[in-house]
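In what follows, a structure is listed as structure tokens, so that the remarks can point back to it.
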Amino acid sequence: MSRIAFIGLGNMGGPMAANLVKAGHAVRVFDLVPAAVDAAVAAGAHAAANAADAATGAEVVISMLPASRHVERLYLGDDGLLATLSPDALVIDSSTIAPASAKKVAESAAARGVAMIDAPVSGGTAGAAAGTLTFIVGGEAQALERALPVLQAMGKNIFHVGASGAGQVAKLCNNMALGAIMAVTGEAIALGVAHGLDPNVLSQMMAVSTSRSWATEVCNPWPGVHANAPASRGYTGGFGNDLMLKDLGLAAEAAMGVGASIPLGELARNLYAMNSRAGNGGLDFSSVVKLVAKDV
Amino acid sequence: MSRIAFIGLGNMGGPMAANLVKAGHAVRVFDLVPAAVDAAVAAGAHAAANAADAATGAEVVISMLPASRHVERLYLGDDGLLATLSPDALVIDSSTIAPASAKKVAESAAARGVAMIDAPVSGGTAGAAAGTLTFIVGGEAQALERALPVLQAMGKNIFHVGASGAGQVAKLCNNMALGAIMAVTGEAIALGVAHGLDPNVLSQMMAVSTSRSWATEVCNPWPGVHANAPASRGYTGGFGNDLMLKDLGLAAEAAMGVGASIPLGELARNLYAMNSRAGNGGLDFSSVVKLVAKDV
Amino acid sequence: MSRIAFIGLGNMGGPMAANLVKAGHAVRVFDLVPAAVDAAVAAGAHAAANAADAATGAEVVISMLPASRHVERLYLGDDGLLATLSPDALVIDSSTIAPASAKKVAESAAARGVAMIDAPVSGGTAGAAAGTLTFIVGGEAQALERALPVLQAMGKNIFHVGASGAGQVAKLCNNMALGAIMAVTGEAIALGVAHGLDPNVLSQMMAVSTSRSWATEVCNPWPGVHANAPASRGYTGGFGNDLMLKDLGLAAEAAMGVGASIPLGELARNLYAMNSRAGNGGLDFSSVVKLVAKDV
Amino acid sequence: MSRIAFIGLGNMGGPMAANLVKAGHAVRVFDLVPAAVDAAVAAGAHAAANAADAATGAEVVISMLPASRHVERLYLGDDGLLATLSPDALVIDSSTIAPASAKKVAESAAARGVAMIDAPVSGGTAGAAAGTLTFIVGGEAQALERALPVLQAMGKNIFHVGASGAGQVAKLCNNMALGAIMAVTGEAIALGVAHGLDPNVLSQMMAVSTSRSWATEVCNPWPGVHANAPASRGYTGGFGNDLMLKDLGLAAEAAMGVGASIPLGELARNLYAMNSRAGNGGLDFSSVVKLVAKDV
């Protein structure tokens, strides 16, 4: 069992830390929100006064933060964790951030002899609670091997997709495609409904045909098709429109950084931005169908 | 067993007619291309002098034609088949055409007391040859019931999605979503590759994640990922770029007809049009990735 | 002075007919809406019982109708005007319709020896009232020459852009570009405003720089920049969002008919469709900026 | 007359520095490319060993560099110019860079009591040579007043659009709209030509109608319409596709930074990226029409 520091106890980080406790690890936690720390303590973690305190003596440091700037601030600079961590420590950043940022932190870690992987997740809050997340990992195979026992306490599938930053790139590739697939699936169903088709029948056909996807199989954007999908409960819960918007923005930045063109990806980004502008930023991202459909 | 007239013996119609013969039906065929008729005769069909000749005395008329105008010309007008068909006959149009056109012909058939369904297919030439096509059917349940023994000789899955024209609408919804999914999947993989990721590893991850689709599971647009996909043989075979372009055009028309907006669907249409303009119209539609990727 | 039949007395047709009367022509009018006929009569025109009655003995027939189907119904078929018009008559269709439809009617006219031009207009209701419309003409030079005295009573600029149908094509090219220019100008100003810029100052700079256009010079989409623009009076008046949507739909059809790609044109189409879906279909088309801007 | 340091002597900076010399200023120059320095010296400037050397004793420092990172490197950090400049000095950055970057440098200058404006230009290499550039200025009015005599030696129009960074924002708004306007104008003309219209006639009509723009008035993307436009000499010269691509990327970043949506702007970005991918990155940006037109 390991001594683990866990920084960032939001909707994802909280249950992830709890699963580490459940697996028998000694977990010291920190978050700027006291209530989040309290909840983790109630689940068996130990409260730290700040991130540096949490990391003192830790064998593994895990971070789950909102954006690139938070991750850079946590690790870099004179008062960043990398300045004080033991070279024996292993760093796992599970935040979804810019690949360039992930590489920058990883290089800084490597310069200090600290092993680090980027390990963004897929699976949402439900997966975080159930311990069934998918980890998409960038970094050295050796570092991943050391991380395995810890990752397996929080997730089910672990993909090693390349060197440092590759985990972030792959996560963005997945989410960019997902964002466009969800939106065009909404367009297709709205088109069918406008022609008088039953959204259930149309969706069932699509779910077993060449346009099948997670959107038609699991999380249909049309109300009533999947009883447990956000669309069937007013688009509440799920993966927020503005989180998808953030990931599509990171994908666009990643594309611009290498001169890539992602016409559908960027149009999807703008659709989620317009949906946010229409007041739906806090709803599940499948609410993007509202832009093109009446009465949903 | 039925007396069947089969009009249109192209890459799809030819093997479909052959499967009907194999199932024991008496099939009279016509096509403007003599070689296509010869091939059908070699498979056991009987040659007719023209469409009207093929339809004389037929219990079932099946058409598999390139576009709306061919279907309207075949059935409508003073010399169209509907003017001479017996009211007992059943008409099955398996062409992919405009929903408005399908409805127009079906209404004309209904006015003459002739039962008609639109039954466009999915599954490609391989599915046509193997008799494993999917039929997406619009029309009355009673007419579909009569058609079942005939359809089952050519396909495996049969979806009844609504009234006349609904089969065409649903087919277009599927193909529109497919066209956008294929293109954005290509964008995502190209983005990953530009960042140094291995297209195989990235695709495997996507195939079991939330961006999974037929494109990542079966027909990856990146060369070498799926050994049997068109991308791995120079984008030859498969479903042609210009056929996808045609279907996306029909989807756009269907959207305009009801005031629907399909921003990703129409952008996808334009990507396939630009790919055609770049000289790739005859390649598989997954070649659309060439617009955004180097060296594929 | 000529004996003129004028069919279609809407917001555009009404004042156009009045200007013909003012110029001394004998104008017989018809419209399905009695009040529209009454207004024309009050302006000095003569009421006809129907279109055929209006056209009896006319030297020039002018039509100003909403869509292709109305124009085809007016002129074609056994009871269409072309069946009874004298070969000496000249037909001027000023409706904005599909180029294919314009060509079809012109060919039918030619087959009967009747000269016809398509002459869609630009300039809006203000231009129609002031007699300062721009006519964009397709057809033979000889026919245009005969039409000149009549067109000059209603407009100021007359462009001869090609053979039959070319007037419609050119009109659509103009309106497609206009639709995209207005929308992207709105995006640019909204982007500047979101960064704290003054929309007036930004617009003034753009109006004399390389992004200048009718949108920044005359009809700014941001409220308050141009006092007389629809944006400064709640987007009322002007050229309706749904009329622009109609023209962009015709442009898309024209593109599909020749295998052209118009990625920005079709995305613009979808933006206007989404703006219509948001309830702004009856507002001026510059209200499309609402999709991307807060508080306008 | 002032003592001026000029850093960055590329296609734009070179002639700008020469105009300052011509106006009687004492200009000390630096560029990493020796030949560029030699040319400036030949025009009457004095060579400096490096940027710091050029800036020693300067009353005004002007920079004209390729990208944000070059500007930040020049001014910021322990060895940046701001560390050594006299508080009496005035800094003018005419590079086109990210607004966030411009603000960062301006804040750093302000912290040291150094006045600074961002003053990106429009007008191209021809305007730089002729001294007719347009300056789009962000910063305090007082600083701009001090800069006027210097700016007027290089340009003709000067717009003050707001506080620090506003010059960059406004430049990006202009260029984003320009990029989309050029591309959709190309789509419109290609659509007309595909329907048999004469590109000259169509362009002349558009140039005086509601779709008029710099593209139809001055720099038509279709070969042969404007004899002096890049399109009429194989798309050489002019404003490079990849420079437009860079500006559209900056606009996209600026949009993402404030949660704005710019659907047409980002689609335009992707069109220029695809044109670059097709091998046309070095051509004038009007070559984007090649994506949608045959034989240009």
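In order of appearance the chains are A, B, C and D, and numbering begins at 1 in each one.
Operating definition for what follows: a residue touches a chain if its C-beta (ideal position, glycine included) is under 8 Å from a C-beta of that chain, and two chains touch if they have at least 3 such contacts.
For reference, the UniProt names are A, B, C, D = 3-hydroxyisobutyrate dehydrogenase.
Values in this document were obtained by computation on a predicted structure and should not be read as measured data.
Among the remaining chains, those touching subunit A as well as subunit B are C, D. Among the other chains, the CA centroid farthest from that of subunit D is the one of B.
Simply put, of C-D and A-C, more C-beta pairs touch at C-D.
With centres set at the average Cα position, the gap from subunit C to subunit D is 38 Å.
Separating the centre of subunit A from that of subunit C, both taken as means of CA atoms, is a distance of 50 Å. Listed for subunit D are residues 255, 259-263, 267, 271, 273-274, 277, 291-292, each touching two or more other chains.
Contacts from subunit C toward subunit A in the complex involve residues 263, 267, 273-274, 277-278, 291-294.
Partner subunit B is touched in their complex by these residues of subunit A: 99, 122, 134, 136, 157, 159-163, 165-166, 169-170, 172-178, 180-181, 183-185, 187-192, 194-198, 201-202, 204-206, 208-214, 251, 254-255, 258-265, 267-268, 271, 291-292. Contact residues of subunit A toward subunit D in the complex are 245, 249, 252-253, 255-256, 259-263, 266-267, 269-271, 273-274, 276-277.
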